[in-house]
Amino acid sequence: MTITELRVPAAQVTGRSPWQLAWGRLRTDRVALASAIVIVVLVTLAVCAPLIAAWNGHGPDDQFRDTGITPEGLPVPPGGEFWFGTDRLGRDLFIRVLFGARVSLLVGVVATGMASIVGVVIGLLAGFYGGVVDVILSRLIDVVLSFPYLIFAIAAVSIVGPSLAATVFVIAFYSWAAIARIVRGQTLSIKEREYVEAARSLGASDGRIMFIDILPNLLAPVIVLVTLLIPAAIVFESTLSYLGLGITPPTPSWGNLLSEAQGFYRVAWWYLTLPALTLLLTTLAFNLLGDGIRDAIDPRTERIFSRRRKKK
Amino acid sequence: MFRRFIVRRVLLGVLVLWLVTLGTFCMFFVAPGDPARTLAGRQATEEQVALIRHDLGLDQPILVQYGSYMNRLIHGDLGQSYFNGESVGTLLAGDLPPTASLVLGGAVLWLAVGVSAGVLSATRARSLLDRTLTLVALGGVSMPTFVVGLLLLYLLFFQLTKAGWPIFPPDSYVPLTAGPWEWARHLILPWVTLATVQAAVYLRLTRGSMLDVLGDDYVRTARAKGVPERRVIYRHGLRAALTPVVTQLGVDIGTLIGGVVVTESVFGLGGIGQAVVQAFVSGDLPVIMGVVLIASGAVVVANLAVDIAYGLLDARVRLA
Amino acid sequence: MPLVEMTDLVKHFPVNEGTLLKRTVGQVHAVDGVSLTLRQGETLGLVGETGCGKSTLARCLAGLHPVTSGRIVFAGRDITNLSRKAMRPVRREVQMIFQDPYGSLNPRRRVGSIIADPLVIHKIPGDRRKAVQDLMERVGLNPEHYNRFPAEFSGGQRQRIGVARALALRPKLIICDEPVSALDVSIQAQILNLLKDLQDEFGLTYLFIAHDLQVVRHVSDRIAVMYLGKIAELAPDLYEHPLHPYTNALLSATAVADPDARRRRIILRGDVPSPIAPPSGCRFHPRCPKARELCAQQEPRLEGNSHQFSCHFPVRPGGSL
């Protein structure tokens, strides 16, 4: 049998990468898919918030003293004009939640992105070089992970003052260690594989080995962790803002919206519950998606919401 | 070997604490504003400010200042509040009872509910109960602590009271001297708030670790030998499954402290956590740094305790 | 001039204890004074049990481990413990084929880019895709498959990928570290034949490592036997006239195709001693059926010209243990 006989059309022989296989599994996971849709809708709404505000004429800071405040000076419940009701100053809560989503999602994604880069690099360095580098870096990781973090955040913000940038940095500084720990562990085992030795025998540089040979093989757990760290960052941001350490009014964020609402839960149920539910929906969707991605990447893990439920 | 392991951990803890003091000391320097001027008040003359500066030792070289700072810390002096000149130690000691009460009950609830629900979930894997618990846990980890607190306040305090069931009192702390029942009744909502998120995390952790262990060969061997299922789960399984849970505990002390700050702020309990938030609002740096030091000390001590517990649970660590 | 000349090569691995402050508590004598030469165009077989140091020797030669002492001369140039930069041109000449066709190919990368790796790393100009496809064709793979992942190939095909990668830079020496021991017997012959063909075509020199004596016998011009970090015996016709008792024991342990050949199995006593504390004198003496007092006291030197052996009391040709 000669090689020419084996030839088949090129379209059929393009390999399916492990990513494509994982994607195939993820596509059949209804819970993960629904979560992804929720996230896409939220992101779209957040991105389009100014358009929506322009369309219904309710700017995020516009106070509607005639229609948005009852004669007693209280917020107005949800209705045709104000879908989520109004807040204590007669502003459209729906619009404010959308604008809050912009800040909260942005902080979550940017902080997690920064943390991922730092975490991957530090984890790779610690795992790849081992020795003293590893001892120092892993101790650092341990210490950061066990920090009384909120207290340190309070201390740091009290020095630099609350701002968007400070919030992002505080969250990124908190999140990188979890990624670094996982990357380090994976690197330790992957660097012993023969293909790394093969690359070394070819004369590949350390950087090439770390980023071309090792990194793609540990991306899977990192991606899972990142999808789980984004909701954690959103939770952290809202907590900081709730305490007055993060995003400060008048810029709306989910945390400071809830902080304002706390004094009004006896008279305006929507003021507290609707932003809270939006926040929960978002973090829950990210967490469910993260679980789904983990299942798709590592099919051995047990599925919680199995499609093969009938199997006893 | 075990003793050497503990000694190393103690040394590491001391190192971490020292780094924290270095950090807090530096923070005083990079902080905007002049503490002497803040303490002196608005109407103070230049001479008065200079006098206070001299009293505080702020005109000394930086190393001398650091030396006296460390000296004061070792003698338990955390400095004075900018706000009213009171000793930070005394201030925080006064705030300790609500915080201690909150942590105690919250941690018990968190571990008891988290671990037992995790075991329950793992031993009935794939049952309706398991799926429900898993979903609840996922909801739990998705919630910020303060949202849990606010929703509990709204639903269990406000709506119940409105409906004529004033079971749960609103925010505030009642000391134990007012009677244990009153004390506990006022703390139930804060305890639940503090415990919910962490209990959810520990449910997931225990469940996963328990499932791993129950699939191990030695557990299968125990079953094959005819060891009763209860014994398999609790004697053979749980002990091994708890090791990762205990490790996680060390990491989570810091998270617990964060939860305390948030819970106290939501319910206005007036503990150390609320004190630090108020200090932030008023720019009272010595109080903030005092809390940083206390919290770091608590984390280091708790981690040491966890390491010892870990060594007792898992004989392998003692040898490593 | 030989292509490779290794002189008194020693590689010890320190055994460390402690986490923060490492103390060296012993040395693993992986390779302990080995002198070997490889002639241009030959295949030198290197056999020995697991842990005898043959893979470590190969990795020292490939520049993957620094050498503790001794000298490696490649094509007239001393390449012992060269810096990374100085080693680069040497790496073009020396390539390796690994044992595990599953572990030696990165599962997350396409076959084409794996085979192109040497070209990219050494910045070889030209049409890389064509070069890769030529290589694939040469080793008997379908060149259309360059876009596939290693997981989509069988063990034998994967080993062909490894061969193609080793061949990409047209090296002088290829170190084959048990290249067929992870494969089915039916596939082994295909790979061995491929290696033989490539050797003829490109004038390659092989250092061929195996623990299976039969495999080495087919491909090797000369065969060296290693025991506990040292060469026990080295000869072109090792199978016909084994002199060292260890070689005899190894040969007697392999299955023989001829059922009429009545051979006595030599059962060795005990296990291979620890390379951390190798035995005194002749390393083989605790297990040797012919050991005498002298063997425990004095270490035999590797003697002979074309047939080298290190034994005080070699087995006479035609004699038995």
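Some points to look at:
Just so it is clear, A, B and C label the chains in written order, and each chain counts residues from 1 on its own.
Note that a contact is a pair of C-beta atoms (placed from the backbone, for glycine too) under 8 Å apart; a residue touches a chain by one contact, two chains touch by 3 or more.
Given the structure is predicted, the values throughout are model-derived calculations rather than measurements.
Of all chains in the assembly, those touching chain B and also chain C are A. The most central chain, judged by C-alpha centres against the centre of all protein C-alpha atoms, is A. The pair with more inter-chain C-beta contacts, choosing from A-C and A-B, is A-B.
Chain centres here are means of the Cα atoms, and by that rule the chain farthest away from chain B is C. Chain geometry summary: the mean Cα position of chain B and that of chain C are 58 Å apart.
Look at where the CA atoms of chain A average out and do the same for chain C: the two points lie 50 Å apart.
With centres taken as mean Cα positions, chain B sits 24 Å from chain A. For chain C, the set of residues that touch two or more other chains comprises 19-20. Interface residues of chain A, counted against chain B in their complex, comprise 139, 143, 145-152, 154-155, 157-159, 231, 235, 238-239, 242-245, 255, 258, 261-262, 265-266, 269, 272-273, 276, 279-280, 283-284, 286-288, 291, 302, 304-306. Listed in rising order, the residues of chain C touching chain A in the complex are 19-20, 59, 62-64, 84, 87-88, 91-92, 94-96, 98-100, 103-111, 117-118, 121-122, 137, 140-145, 147-149, 151-152, 162, 165. Taken together, the chain A residues at the contact with chain C in this complex read 3, 6-8, 10, 13-18, 135, 193-195, 197-204, 208, 212-213, 216-217, 219. By the touch criterion given at the top, residues 12, 16, 24, 27, 30-32, 125-126, 131, 134-135, 138-139, 141-147, 150-151, 153-154, 158, 211, 250-251, 253-255, 257-258, 261-262, 265-266, 276-277, 279-281, 283, 285, 288-289, 291-292, 295-296, 298-299, 303 of chain B touch chain A in their complex.
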